[in-house]
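Naming follows writing order (A, B and C), and every chain is counted from residue 1.
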Amino acid sequence: MKGVMVVCEHLSGEFTDITFEMLGLATSLDSGEVSGVTFGAMGGKSGELGAASNVILAGGGDDFNPETYAAAVKVAVEAHSPGLLLVGSTSMGMDLASPVAAALDLPLVAYCTGIEASGGGFACTSSLYGGKMGVSSQVNSPAVVMVLPGAFDTDAGRVAGSPTVSELTVQESGGKVRFSKLIEPDAGDVDITQSGVLVAVGRGIGSKDDIELAEELAELLEADLACSRPIVDAGWMEKSRQIGKSGFKVKPRVYIALGISGAPEHIEGMKESATIIAINCDENAPIFDIAHYGLAEDLFDVCEELIEELE
Amino acid sequence: MGEHRYQKYVEKENAVIEGIDVSGAWNRMWVPRELTEYDFTFLDKVTDLPGGESMGWCYQCAACIGVCPVDNVGSYGPRKLYRKLQTGLDLFNHSDLWLCTTCNNCLRVCPKEVDMMQIMPAVREQAILDGNIPGELQEMLQNVAEYGNPMGESARKRTRWLKKFDEPVRDLTKEPGEVDVLWYVSDYFSYHPRGIDAAKAIVRVFNRLGVDFGVLGRNERCDGDSQRLCGETGLFEELAEHNHALFEQNPHERLVVSDPHAYNAFKNEYPKLTGTEYNVQHYTQFLAEKIEQLTGMFTGEFPRKVTFHDPCYLGRHNGEYEAPRTLIEAVPGIEFVEMYRCKQQGYCCGGGGGGMWLDGLAADHTFERLSENRVREAVDVGAEVLAVCCPYEVSRFEDAVKSTDNDGKLEVLDIIEILDSCIGDEEST
Amino acid sequence: MKIAVLLKMVPDLVEELEVDASGKALDTEELKFKLNEFDDHALEEALLLTSEGDDVVAFALDGDGVEKLLFTALAKGASRGVKLTGTQSHGSGGQAAAFGAALSDGEFDLILTGVQSVDDREGQLGPLLAAHLGLPCISVVTGISLDAGVATVNKEYSGGVMAEFEVELPAVLGIQAARQPPRYAPVSKVRQIQQSATLEELVVDSAGPGAGSEVIAMAPPETGEGAKMLDNATALLEVLRAEGVA
């Protein structure tokens, strides 16, 4: 068995959750040695990567740079020949997985929510079509698989330990992409990651005007208002209220989704909520797959009824 | 009880004030007034457009302001637009372009025949070509173009309301052939829950009457009239071509519509494009002709106080005020009461001319929604039920009933629902 | 300046999605296709980045509705529309090879495409294409400014955090969102363009990545228990009260 290599993603000096998800997943695959690739100063934190038996310090600067990091990963793969390379299906992962796969002529599977060793290679399930279909692929080994955040458990991968550490020499190259700086979001008036109860609106709300209704409901429930990406893109709510892949990850006690279909990018941001209640007039909306309670009714009717009762 | 504020609007054909005859007709000035020291660039930009000419004829008499429904809850009307154009308003790039609901009340009283029904689409079309279009409207237009309905629902689901509905309905895509009545159902009757309630009522009434009718099924697309009025003539033409072909492929004696906007489209606008005259009736006209048969079918009563809202596109635009009243007054037990602003003076619900999808913008420029103003009037005349016969209205008025805290005091029903509730289950002989 | 925009038609999620008899692909009978919304943003951003004299060239792979797609791009302001015909492989890998072949002569300063699409199982088009062309690529871009052969871009991470990068042109960018919503193309303008403009056609025969990964099954996701569906708002209120929220 050739082993599983995990690209250990990090931001601002901390490994991100997806890293631990992938490490946990890698160990569960029972496909040989699990190794982690770290970048820049993150090598100093290899003690957090106890789920791996060895950690490869690949250099490449403290902040993510697609050019240098991809070059480094390519060298790591060439040197260690793993049977499987796991990369997060994240903003950073997107710019890493394809260059590495293309350079090494390896098959690539994205949006993976499930994987197991099978027939000399791997059987992966990918979440496609806005979460409405699970597509299973048989992929030869060695392969690159992009893992969807939230699909696996971080606890299994969060193991302290002392993996063996090796350093990789990577030639300086490219220089066409330069990292300038990180831009932190504006504080905003509320930190939704701290909210106990959230009322989130999605495209189903229809218009900026109608958000008022959700606001009323939120007020009565003493909840904070949040939203999915399209609402922010349309300029109807501030980015500080955005939940999802490029927004915030929240874990409130109660999460009420109004008119949100449940695309994976949004689910990523809220699936760990303790109680998820979804209201969407489309009974086939993927959100009902992960919600605890659902109501396939018109959200305006439901909100009005609730508001009336609560007042 | 003193006079209601809307009772004091009296319209007279002739008036002599302090010995001076100010009656409208002969007083018309056919020569433009002298106006100096104004830059006419912005006004010319409107009047230079085909369809925009009449904007230049305004002589500021303000008869329109007295009847403009938007001015009643804000500040608007042709006279004011003219004045603003005169003083430098770029109408092509301003929210004022999108507040008019094309209700026709201004043209009705205008001595110079300034026609917003021509001006608005012309200016709006140019504005859209220039890239100035309210976001709410853009989404609706994209939905109509893509899916054939403004809601953005799948075209295939247009006949979903027929599933699990145990009344026979002939879907001409499955049972083609000649039919007496081609019933054009329309978007809201096909997709909106309250519209579907009314659609089912129409089916039951038609079946009890023994009407030989069929529907176009999934092939039916939006009539396009409101889209035409908010500046998308290209889309309107596409829809007209499509629907006209359907009408031709499905031979019928008459075309009956649920929607006054479709009525207006098929009666007045489609013929300009297709050269065909359609034998079209609004369902109230079709049923009013059968009033005796209908009356014989009533087994139940409707002992409620009911008022009626004249839809702009059946009433003022097409002169039909009687057919709906014939139906309402025939209902056993009904107590019919008129609102102050009725028939020609009917007050617009705000849905026409694209208004149905511009509530967000309108809310920023009016202190009350047109539909809320109208609902309050219905309550003021003591009605328990507000009867309507245009698919835009049910949802608009039901929302307004809630937002004016009249939930439980005023019910909104399509006329067909009232008729249906009084008719027994047996097919009439 | 010359910008290439790659447009893809994808299954419209408004329709019901069903699996066909093979169990491995979508049933195409009820399927409707529309422009990938992120590609629409890519086109919008390209139009906003360019001015008089610049060229925005829209590329699309042959298929149902591709002509209307390209004419609409022209109506929005693209200068040329190019349809790629020939034999190509399906999937994002195949698309990358096809677009890569069309763009191999390096005439473009910038290549924009949507960050992802609903059917890109083999990976996102932007990075795959960039690998083919040997160009740098940044994905999840929401802000671009250009100056002297360098693009300064904002790349989104999670939690509202963004990273600013400088990329030397030519480069490929995967667009998450244009700086304003995609503009409207009036139907009359599209119809007029359909009469007056011609689309270019380019024959591209290309093969996708080797048979390293194959779809073996497609099905709606296993939901586990899924939501407990409630009957009405009153039932929902009970749940809220039980949670101590109402």
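Simple rule for what comes next: contacts are C-beta pairs under 8 Å (C-beta built on N, C-alpha and C of every residue); 3 or more make two chains touch, one makes a residue touch a chain.
What you see is a predicted model, and the numbers here were worked out from it, not measured in a lab.
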Pairwise touch network: line, ring, star, complete, or other: complete
Contact-richer chain pair (by C-beta pairs counted) among A-C and A-B: A-C
Averaged-CA centre spacing for the pair subunit C and subunit B, given as whole angstrom: 39
Rounded Å distance, subunit A centre to subunit C centre (Cα mean): 20
Separation of mean Cα positions, subunit B and subunit A [Å, integer]: 49
Residues of subunit C whose C-beta touches two or more other chains: 16, 181
Touching two or more other chains - residues of subunit B: 135
For subunit A, residues that touch 2 or more chains besides their own: 234
Subunit C residues within the subunit B interface of the complex: 14-16, 30, 32, 34, 181, 183-184, 186-191
Residue numbers on subunit B that touch subunit A, as the complex places them: 135-136, 193, 359-360, 363, 402, 407
Touching residues on subunit A, where the partner in the complex is subunit C: 11-12, 16, 63-67, 90-92, 94-95, 97-99, 101-103, 105-111, 113, 123, 126-140, 143, 146, 174, 176-185, 197, 220-223, 233-234, 239-240, 242, 245-249, 253-254, 261, 269, 275-279, 283-284, 286-297, 301-302, 305-306, 309-310
Residue ranges of subunit C touching subunit A (in the complex, touch as defined): 11, 13, 16-17, 19, 26, 93, 115-116, 118-124, 127-128, 130-132, 136-140, 152, 154-168, 171, 174, 176-177, 181, 209-210, 212-224, 226-230, 232-237, 239-240, 243, 245-246
Interface residues, subunit B side, partner subunit C - complex: 125, 128-129, 131, 133, 135, 138, 141-142, 145-147, 152-154, 156, 231-235, 237-238
